[in-house]
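Next come two complexes, and both contain chain A; in the first it sits with chain B, in the second with chain C.
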Partner chain A sequence: MIGGNISRWTMTYFAAALTWLLAALALMAAGIGHPATDVAAPDTLVLVHVICVGWLSTAMCGALFQFVPVLLAKPLFSERLALPALGLLTAGLIALLAGFMALGGRLPSAPWLLPLGAVLLVAGFGLVIVDLGLTAWLRPTGPARFVLVGLASLCTTVTFGAVFAFALAGWAGPVGDAVLARGIPLHATAGLGGWLTLTAMGVSYRLLSMFMLAPDVEDRQSRQTLAAGGLAVAAAVGGGAFAIGLGMGLNAVFSVAALLGLTCAALYGRDVAGVFRSRKRHHLELNMRMAMLSFASLAGTAVLGVALVSMGTLPLHLGAFAFLTVFGWLSGLVLAKLYKIVAFLTWLETYGPVMGRAATPRVQDLAAEQRATKWFAIYYLAVWAGTLALLAGEPSAFRIAAAAMTVGVIGIIHEIIRIRRLEDVAPPLRLPAGSVAPHLLFAKT
Partner chain B sequence: MTDHLVERVREALRVVIDPELGENIVDLGFIYDIAASGGAVRIKMTATTPGCPATSFLREGAQAAASAVPGVVSADVAMIFEPAWTPDLIASSIRASLGFAAVN
Partner chain C sequence: MTAYLDVDVRPILRAGGEPFSAIMAALERLEQGQGVRLYAPFKPVPLFAVMADKGFAHSANAMEGGEWEVLFTPAAAKPAQVAALSNGFNFGAWPEPRVKLDNRDLEPPEPMVRILAAADKLEPGETLSALLRREPVFLFPQLERRGFRWLGGFASDGATYELTVRAPS
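This part shows the complex of A and B:
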């Protein structure tokens, strides 16, 4: 395949994901879920799943439908599975959240809601895994290996989640109850570490070298990084399941997993630093500068993790650790890359078909970086302030930080909508003869 | 006559830009070869990244631009990635404005 296609529903995924992100920020600013309640309380479960399934997983799936073909120079297995998958994921998440709210007494008791949500989410993620997995499986090169390990981790995460949902409904028997009682760290590690982090790393390798014109990271190097990360997840999940089966504690298993995870983060830092050093394009665009703040947050997460473990306070500050991972590293990177990807795809959709027939703007002409910078700055500063507020045990300060994050994200979304509507493109070039203005929520081509 | 046609096609290809770099594909060094035989033009070109969704638009854009040149009866554009494009191929006149190091 020489050139790839534009994924029709990637914008729809991004719009759904950003809607869920706003919902999560509203919950945090309103003081619903941790730190106002316990980490395992139903309200926190609502918040965590809005963030991890609604925001991060939906954005990641949308990006993968577009970028797995780019990673592999090979078309997607099927173009027709993306929209049904999004419908199933959205319906599944809504049922799951309703189930958690019923569990917390915010809705009338309805034990069937959680299994229903689980079944719909299994079906939705199943379609994503089949479509992307079959595409990547036939040519598992370089960064695509990260996606395959990420998808395997997603399978694990979803399986654990489904068992939990059935166990909470009282439909999973004693084995299900045992898995529910002790398996939550395994579910979280597979989801945040395996699925979201390793996939984000894999896609970032390609995006960084593509947009900075740097040589690809050597296969040998990225294999080492993936091996460390994959082993960390395997140690946590496999070793953890074994330990639970034998009735043993999880501390030893998670110590090994943490060491491997730190090694993975360090190797990834080495790889990314190498891409920056060898880049041919010295000017860094906004998305790259902001991605650097997310890499700094990942390093901060590693340092925080080591500090909390050495002080023996990780269980107390698990919320702060997870918050920095989710919003500093993962969400920061996704927001920075969304800003670029939307501009790039909008350009292709609008101006690609008239190239050679009319003068066209550059991708950069669709975005107003100077105006957008302040929204990203507000977002990152608020995330770091929120982490400190959680560490200091200051729920009110945390809510102010969440409100500031909301301001930053609304600003970023406003910029993304302006990009999609070509509002910053100078009139003579905005819509040359033969071009069609893009739809906000999907690609017409 | 043939040389003139090749040059006119080369000039026409300047309307096609790489969306990311924002410069035309001729100055970026994407055009490896233009050959003309009678009115039939064959172009060998490249792009920065195989698999990128922009690649097929670049090829189609080059074909449309070349086909519109008077005297061109047919335009055949082949997208190749061997040898791979490097920033060394960028015309020195636009290199600095793209944010590339003066020497790569």
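This part shows the complex of A and C:
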């Protein structure tokens, strides 16, 4: 059957991802990890991996299992890999976090925890990469190319991470130790830049034009954007690995990568502006207005990066730069789109079978946008305040910002649960004869 | 006398495939003044509008077993004579659409809601046609679940998706 079925486990992925996001926010509000400790301290590693693997990667995988078949109008290579992949990813992340905590003396020493976590994560991401990669490979058009490059970057990220884990356990020999000593920027660039950013861009093209009734971004344009982004990641990772092999510095390599990255962000801005200009639907829904704040944060990230580099203070403020990238750009976009995707999928699952046979609510009737707006506003204001607090070196102000972000996210999650439970649909329309109430955590169809 | 390139989409459709791209690919191979002779397991009504946009006139001829031979002739050339309808035997033919929907400027998911509502009112074997802005990927599983068949593809402008839906007979 042509793609467009409801992915059974996408809601499960989203629920797991949001749980990890709450955990990350609790850690930040409690002052665990950066900025209280060094960027490379074990506590920071816990925090970073809760955010990047637990929250962002899990949410992204859940969204991709639903939307790669839609992007391609092809069924998923296998429906059966999604749930085992989630189990492996969750178990792997827990082992990895325990390994970091042992490293920092919060748990008894257990050197095998990190390699165990790495093996489980490799297996989990491996299933995701095989399933989505084979699906996209069969019809690599338009946005699907972004997903392919994103998955290739994910492979790179996971490979580096696995080498680090074995090196930290003392099982990777001198080569592993050398990679661990200098390869962390490569791991971070491949993960945040290649996997999360390029994939989010690719999926956003289709979601934006679908939800705003705009023609798709021209293939030629999106190809330029992808080329710049893909080259940036390739320059950072390939050039970086080469430089490490020769014992050279990484500055030259990262300057080239940064220029390409800026080009990619500018081209993406052009593409998105084009979609907004050519849209037929003039009223912007909440998820679009909030996505615009995320695009603004991406632009802010680019400006901040340029400013920090030109002042020579990027190493000092790496935490602030990464924070704005992760929470302003990526998390903001994912939260805004989750809000819409959950409403749409819930609507399709509940009312699809009776559509045309009984009166059904519209998708927007499932969501209470006005109530949700304030939670998003609190979230974004807190993220920007948190960035400023990090730049100003004010850890207490940062914890207050993190607490405010937690309030915003709890509000958003509450709204998403209400959507899933159809609580905002007027009773006569809520469950017409023949429709079945959705389960909170998975799709029944 | 117009020369014709033969395109047989019956095997593609029998295998559950989508014939539209094969037909469009054939058009790209045509020489100046050449036409297309299409073989299909039903009367490909939605294709007529697409081909008219591209400057082809059509003449359809029902064959035995409910299959159809359609000649698409460049509008400038003189259409070749085709045998008249043999015996009116048209099992499997898709009739002209009873309902025509233009859903191009509706906000999603309204196009899908209207198509499903209209499809539910069709008599057995009847068809409806709809114009859309994009491939309705979320509609297909719903149609399939209700036993409908469909045929669709982008028109030559690349911006309009033409969908024909047939009620189970």
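Note that in this section the second predicted complex is superposed on the first by the 442 of 445 C-alpha atoms of A that agree within 3 Å, B and C clash if a C-alpha of one lies under 4 Å from a C-alpha of the other, contacts with A are read in each partner's own complex, and residues count from 1 in each chain.
Here is the rule we go by: contacts are C-beta pairs under 8 Å (C-beta built on N, C-alpha and C of every residue); 3 or more make two chains touch, one makes a residue touch a chain.
Not measured: the values here are computed from a predicted model.
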Three-chain arrangement built on chain A, chain B and chain C clash or fit: clash
Partner chain(s) touched by A:359 [first = chain B, second = chain C, both, neither]: first
Which of chain B and chain C A:70 touches, first, second, both or neither: both
Partner chain in contact with A:106 - chain B first, chain C second, else both or neither: neither
Touched partner set for A:371, first chain B, second chain C, both or neither: neither
Touched partner set for A:289, first chain B, second chain C, both or neither: neither
Partner chain(s) touched by A:210 [first = chain B, second = chain C, both, neither]: both
First, second, both or neither for A:80, with chain B first and chain C second: neither
Residues of chain A touched, compared between chain B and chain C (which is higher): B
Chain A residues contacted in one complex by chain B, in the other by chain C: 1-5, 69-70, 73, 210-211, 213, 280-281, 344, 347-348, 352-353, 355-357, 360, 362-363
Chain A - residues contacting chain B, complex: 1-6, 66, 69-74, 210-211, 213, 280-283, 344-345, 347-348, 351-353, 355-360, 362-365
Chain C-facing residues of chain A, complex: 1-5, 69-70, 73, 210-211, 213, 215-216, 280-281, 344, 347-348, 352-353, 355-357, 360, 362-363
Chain A contact footprint on chain B (complex, rising order): 13, 15-17, 19-22, 48-66, 68, 79, 86-87, 98-101, 104
Partner chain A, residues of chain C touching it in the complex: 105, 107-110, 112-120, 133-142, 144-145, 159
